[in-house]
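Once you've had a glance at the structure underneath, I'll fire off some questions.
Labels run A, B, C and D following the written order; every chain starts at residue 1.
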């Protein structure tokens, strides 16, 4: 029997007993995840959070493994053991299509990490496909369908992708551990022990209710405190402006980009293949950004320098209805000599921490359900006042970003800057 | 008063109150450490250990800060508060000259991270220098001398660099936390509380003796279990062979390397400046290695592929005196069609976990001393049988590395490989 | 300088530098707290939670010490250093009047641990008084007034006793650590760092807002999951019935109790002195209960046996308005041969997790306030939707307790018990 | 299927699936362990270590459960599943005969907790016996034979009782966690994963070697730092002197002890039954000691007061050969007015951290063995220099205890005390 162990700070020993899983980990597409940070730009704010998507994906696999091994043992009548491998493979590969700085990159270049995950799994040229197909000719497609929610067994889909799934449970614990904030901690073992496969999917026993509640509160707190941190978003803004500028320059300075950033060309040209995509990672992107620091274009070189050396923008929150104010602030920025297209930004971050099933909306959520002693099932927010608060309401804010320079009113533009400063109070824009 | 906080999983809140320290952290030379992994190739074996030298250096600073703040309060007569800043700056910057994959890189290209640390601190063109010189004209030189052990006050030097210093204490705790192994843990708070500045340097009170002992045992265990792990060393071997090959090809294929790996040219040419050095980091190197995967040279492209996609060598230990055996194994490898210059390697890893002061040797170590109630001072290994075991003896082993292929005797070369395999037993080479 | 260290799993090193504090710890009244469990009957459900009030009180002291040391250093203008000692002494002694199984004991015998705390501090015969009076003749009274909220400086009072004070912070962390549940964890260091003394008391800076929110959620979860656990309350019910029975028997069986439980006599007789009170602790009570196991009274001996050997009652929740149902269940219990006065019980547990200041109510709460960058102050629930949910609403439930025997319908009384059982569904009473 | 969970801070969820185990936990003999502290007098020095033998025994059971469940799954050919229950029951009950302050009590009254454990398991009147006998008529005897090492299967015996067994592993982790010292931590999961049942007992795979080494070092450190702490031993000395005095007084003051300490009489009279023994626990003993504080005998009341209120003796180490010095110190103590029989003591604490199998000695130890890849087996100290240091050598020291009063030379006896003091230097006796 194979028994490979990956030492992991969250799960201690990640056990791999199935050779298919072991061989998937060793594919080049999966190894590539070592070169992409899980938290992207957030590690520039929480310096401890430098872990890769590789670590996270192993962790998701391990949670899924614990789930299916327990189901096989405790619920042999409602869980079919032949679902084990497809569940574990789906867990391991659910993020295999993620790229460097995915969020920003997708917005600018129209890539889609979910479609790319599907492609990596089902394209016969990938090593991932070649491992999966050893199980059966339709196995790659099966794994892909688990990830895109079309797999017929809702139990399997919900373990990998729902409001309380292996993915979210690993990233909360992992991001919390690595950044050193306390918020993401919850009782994983208790939750796993309360999971029960039923015909319609997964439910949780009464004894796990408070652990599930705690998980949702933890998730909410991680969003508010870590993922939506103003400084992390400032780096994201910088990155976006930097790529914006490169894209804008590409037409007229093609030769420059051919020399300095060859792997980005297919994306500038909007004609890329899967193989092009797999050549990008954090290191490649950062290498290009470092090269751009000496670009002849002053905006490109300035933004590259700011990103590489972490000279970030400042910000303040604002509310819907303050658009006119944003416009006038942009004008002040312009009057001081900075192009607002590159030196100011609006950044919105909102999350819906939990929701009940709403058949009328697009992509309705699978609600979390608690099974009672007599078998009746209740939706979670009916049992927990805390979850009720979080349900159905988006949390987050909108921020206006600008150069730190605008707050230093000791130069030629002191008057303009004073006027700018007068609109910021307690971290908010005011009229 | 400035009060910046960096959230850190090892130290919780790293406090920065001095603007000099804060500005040093924000220099481009220091920010560059974000792009260099602390554990180098080890993170390919212990996937959790992906933290950067940036995190480690902040941690060393924080331990030094706690030391000097306590000394200032508790030992105002033997510790001069004017040493605080130079100690903290020395701690922060002690590794600022580290580069990507330092160990291997230094061996191949003759760079020296200690000399480069000195250069970054004392070269007037660096941002680090420009911050330090604000304190006083000789401050950069002072900080540099702390790091190279020539600073006159032995207390300061020992806090930064001795057998029990801020550097080692941070990396043991940090590497242990991130990799998820338990071995590196010890009681930092207790050790800090037992430190006492005396005229000749730093001593430890009796109450901290067992914590110091535990620290030395922990350090020993981290070396044996993590830093000397056969698989980590296998990656290091791969990297070394890869760079070896590139260097060997450079003369005849200069144009290829000019195009694919411009930042490495000054090193191939043995004529680099500080500025050249600062352009290298893990991402740049990995980007080049990925490009080399399509090199026309079959050995370069194969080794690059193995490194990037983690297809590592196997190994077995051997003892002094078995050199003839190594030679004959190399011959088998050659007979099977692999060039032993690139496909076998010897790798030695030895550490001297602790030693007493030995004036007769080069770079004698500062021994660890315990102060007793009546003020007499004893060297640690006289008090602890565990430390006595570790003192003065090198621990580690030598390994012979080769292709995994050599163990698969199911092809044309089955007979040769069988002969090869017959020399490996229980992870050791046998006659 | 004195520097005594108490090793503690929550605070690592509890430092004692002031000889007054050290001598208070060594008084017999304080040492007595070693013999009283912090969690009382709860340790019969959460077996890990066997820590004493001694440990908790040391912990409260240590949190208070960290608060005042930081205030002295960071806010010398709004915090007077001469308040340090009275704050630390108040923290250490705030629970010194607690007795064995306080809750139940107080209800039955009319003792009041708060009044007894005042007495221990201000009665000239106690060792505690004799240490305190060395500071100044009015110091015992000052410390007592801190604890009973009449001390003039609201800062000091709020550090020891408010909705977020040293007491609560220690017990949440400690009870969570010892029982092994995760719920009580929060970021103590961050909260301490965000505390700020102002004229009207203590406020928290914006940067600590989420940590304070997390603390309140943690506290709520500890109440719901640990302190209100049905099985813990079952032990409390047993204890109450046992003491009820002893009290009821005392008049006619005085000689029996004089022999078996001398230290309880003053309480049965409702005429006790401070010295009588200090003779009681968990061990003394349990020793008596063990003796009562052989009492000739069958109810006393049965209840004593149940308590000592943990044979606990079962329960179900009920709502207001179901009183008639309780009555009819009691009748069934009686019909089966058990006296409902001793073999059924109603137990209510409700907590108000947080409230704003309400001047109109008795003992209005000090609300938690957040100070913004420009100095304006906002009440917490205005900033946090989670806290708003918890504010002003009591959480908990009422439970009806009965013998486990009532659920085993396999005897003479099968019909009656079946009828009883039919009223319980999903842990609730139903008509 | 039964699935009871006990929440535990060391093992998180302790699972009980077998009704025999659950019913054993609920016997009165096992519940009694809640009233006996695991660390005895040590909790007076390490205040956090207040956990009971109940918690520890549950933990030992849980480690044994994990062992046998893994063996059943991974080694079905060398481990017989029918050994599971006897192993788990043996683990749970291995300490069930422990009493209050066992160590001291045994020495004074000749009780033997191992014989009493055997008695509780095999005496038909105990609840423990009545549960065990439900399995089979010879099951109680089987469980007893596991604990006294006469069970024929050495695998089972070694899991419960060897140099690396479930008992030691739980108490190291638990005592370390509760006291808050770091020393006892090691990698339990890794050790469990490396255990392998072979014909002659249990061996460990190569991959667990360093974890086993770490366990032995941790155990050594816990002995040196916690179990042998001078202050803990000071309490033990006090307790011993107190019971000595009571025993000496018993003959002439029988009536006094009949009234104040009835449960101790059978032991004073050297004629006790199992039932007498089971009536003693920490609370009963402490209750008696508190009563003795008002005894008319000044030595008994003084020693009782010292024990109850923790007024401990001071001490210094001495070496073999210094007996004459001890005698002359005793004479000084006598000359100052204290009876050395009650106010001085010699206390020896030595431990043999590890030993190889030595057939020639009484009770030879089962050595720890490592199995290599090719199946050959090596004894641990041959592989680990650290273990070699610990093997075969006793560690510890002898201490001379005396009244703190002897160090305060400010009274009538100043000259005598000065002479006494002159013999103590750096915590050692000197000529």
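Simple rule for what comes next: a residue touches a chain if its C-beta (ideal position, glycine included) is under 8 Å from a C-beta of that chain, and two chains touch if they have at least 3 such contacts.
This one's a predicted model, so the numbers in the text were calculated from it and none came from an experiment.
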| item | value |
| --- | --- |
| Required steps from chain A to chain C (each step between touching chains, minimum) | 1 |
| Result of counting contacting C-beta pairs for B-D and A-B, higher pair | A-B |
| Chain whose Cα centroid lies at the greatest distance from that of chain B | C |
| Geometric centre distance via CA averages, chain C-chain B, whole Å | 51 |
| Cα-centroid distance, chain A relative to chain B, in whole angstrom | 32 |
| Chain centre separation in whole Å, for chain D relative to chain B (CA means) | 43 |
| For chain D, residues contacting two or more additional chains | 12, 181 |
| Touching residues on chain A, where the partner in the complex is chain B | 6-10, 12, 26, 28, 31, 34-35, 43-44, 46-48, 50-52, 54-55, 58, 177-181, 279, 281-284, 286-287, 290, 308-311 |
| Chain B - residues contacting chain C, complex | 1, 5, 12-13, 74, 189-190, 193 |
| Chain B-facing residues of chain D, complex | 181-183, 185-187, 206, 210, 213-214, 217, 220-221, 224-225, 372-374, 376, 385-386, 388-390, 393, 395, 425-427 |
